[in-house]
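Next up is a structure, given as structure tokens.
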Amino acid sequence: MIQKINDIQLLQLIEAAIFASEQPLSIAELQATVLQRFSVSNGRIDVTIRQLQQDYSARGIQLQQTASGYRFQTRPELSDDLAQLWPERTARYSRAVLETLALIAYKQPLTRGEIEAVRGVAVGSQIMRSLLDRGWIKVVGHKEVPGRPGLYATTALFLDYFGLKSLSDLPSLPEFTELTADLLPTVEMTGELH
Amino acid sequence: MIQKINDIQLLQLIEAAIFASEQPLSIAELQATVLQRFSVSNGRIDVTIRQLQQDYSARGIQLQQTASGYRFQTRPELSDDLAQLWPERTARYSRAVLETLALIAYKQPLTRGEIEAVRGVAVGSQIMRSLLDRGWIKVVGHKEVPGRPGLYATTALFLDYFGLKSLSDLPSLPEFTELTADLLPTVEMTGELH
Amino acid sequence: MSKSLANLTVQQLLPLAFVRGEAVHKRPDDLYIPPDALEVMLDAFEGPLDFLLYLIRKHKFDIVDLPVNDITLQYMEYIELMQGLNFELAAEYLVMAAMLAEIKSRLLLPRHSQAEDDEDDPRAELIRRLQEYEVYKQAATELDSLPRDERDYFGARARLADNFNPLVILPDVQLTELVLALQSIMRRAKDFQHHHIKREHLSTRERMSRILALLQQHHGYLAFADCFELTEGREGVVVSFLAILELTKEKLVEIIQVEVCGQIHVKVARDNR
């Protein structure tokens, strides 16, 4: 029953098995499955795996040893380009995010508390986080009131994204254009808010 | 923005992309994803793929072209040993499934009633359901007869699974052409048969 | 493996089902099939056409000459046998029996006139169906013998490197969306009694941010003169000056002059409340 297998066939079989398996394959698993009808020593498998590692050393994929066995994985340097294969689209920004961004753009620098005062609702940390992560806003200082809240302003990246040379290129609000062509409205906080 | 890529990097990137992708990758898909920031002609990709096919010609896996693109798959000679990796997996299909699939493949698009007319027997809903679930067939329209039954056709996934580049790669139906030619003399012969 | 695949696959054939495939042809040419084998056999057929094809092939009848008499007799014989076994006959088998009987009866009728020569042989439709079915039965066998994924070969995949990070495509925002958002705030803000609308140069607000950022770079302390970019000209200097005044008014910065006519400094405001 036990059959012989030559070195080339052994290499092909182990190579194909590791590629076809969903999980990493250990030497014991190779022995128990694809190699079960052959008489192959663990040492010979070791030699074959080292040969495979060498064969793939300069290729787009490499043979890696993990805790549970051997598997092929892509070269780390290629990860950024491979990411293009599965782009993850995030959901559109909520109204709260857009209003917060608009307020920071038109009324900067201002604190989160001031944004909340104008919007009339609390501004969640995740809203500020998503705008900070996007690189559209940054903290440019701290307001010297209790708690020293951060003062938010828009960034150069924000201007680049919207194709603006400066904030004065932001469109003026139609309903206020009759007041003045070049001036933009600002909501000033009442004394209690300062 | 458009960057250059040398031949070795290009080969590694295409190789890794095909290995990492769940579905076969076409040249157009490679251009639109991993190669989008590089300026690479389709001809150069062709050359690279031929190089890869040659690199893998004597290995345990091979680079194959299927209906929807390129994919790596194990050498057919190894399948019996590799099947040991999935002892519970069975790749047999019932005659009812195969006959239904063959009819859809060769006579598409056609309705379930038309399949039943040829097979002379009812086609169970679960047969159609499982072929649909598997992604091998799809409804491509409706026949304008009472009840507007769905018209079934095979998918690219069906071709991929059976290793076909297109429907024209299906084995031909030699008897079918003979049959239509033979039928006429048969009908004319009736006099002598009484 | 998907659930649907399980539906598609069949159990290993039972040993008794040797009637399918080559085993059938090796059987003696006599008609007799043991009743217990018949039940298994019927299961192995894909319907009455398949069964009829079997009978024709088994007895080496030429399908083109289709001896309806012999076939009908044999078909009926099996049907009776099946009924004797309380075998639940599929309607299709009975329809086929009826069709065979009908063809037979039509063939037995004497032919009267020349006109009837043009009439189709009643066997023709059956022959056409049998031949068409046989073509696709054969096609199914050939399809089954094609090298196939998960049987004759397996997909070869590689994992992504550990440093792989998915590419996140962030939502697009149009400038008009920002304006609309602000308009909606303004409409709501009008309802707040304690707010009042004031006009202001937007460039001043931008300059305020810039000066604060500049102060941050210089640890919160900057010479007054360094807050100005002289290359911007008179207008730029005015905007910067207004921005510093506005920052002072909003108590975000302080302007310090240690001695008369000394250097003026701008400093980020500390505890001035």
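Each chain carries a letter (A, B and C) given by its place in the written order, and its residues are counted from 1.
Going forward, a residue touches a chain if its C-beta (ideal position, glycine included) is under 8 Å from a C-beta of that chain, and two chains touch if they have at least 3 such contacts.
Just so it is clear, the structure is predicted and the values come from calculations on it, not from any experiment.
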Distance-to-centre winner among chains (Cα means, whole assembly as reference): C
Most remote chain, CA-based centroid, reference being chain A: B
Whole-Å gap between the CA centroids of chain B and chain C: 16
Distance from the mean Cα position of chain B to that of chain A, given in whole angstrom: 35
Distance from the mean Cα position of chain C to that of chain A, given in whole angstrom: 26
Residues of chain A whose C-beta touches two or more other chains: 16, 19-20, 61, 72, 74-75, 78, 82, 84
Touching two or more other chains - residue numbers and ranges from chain C: 154-160
Residues on chain C engaged by chain B in the complex (per definition of touch): 1-5, 7-10, 12, 46-50, 64-65, 90, 92, 96, 107, 111, 117, 120-121, 123-124, 127-129, 131-144, 146-160
Interfacial residue positions of chain A with respect to chain C in the complex: 16, 19-20, 61, 71-76, 78-79, 82-84, 86-93, 95, 98-99, 101-103, 105-109, 118-120, 134, 138, 140-146, 151, 153-154, 161-163, 166-168, 170-171, 173-176, 179-180, 182-190, 192, 194
Complex contacts: residues of chain A adjacent to chain B: 8, 11-17, 19-21, 33-37, 58-61, 72, 74-75, 78, 81-82, 84-85
Chain A contact footprint on chain C (complex, rising order): 154-171, 173, 175-186, 188-189, 192, 194-203, 205-206, 208-209, 212-213, 215-216, 250-252, 268-273
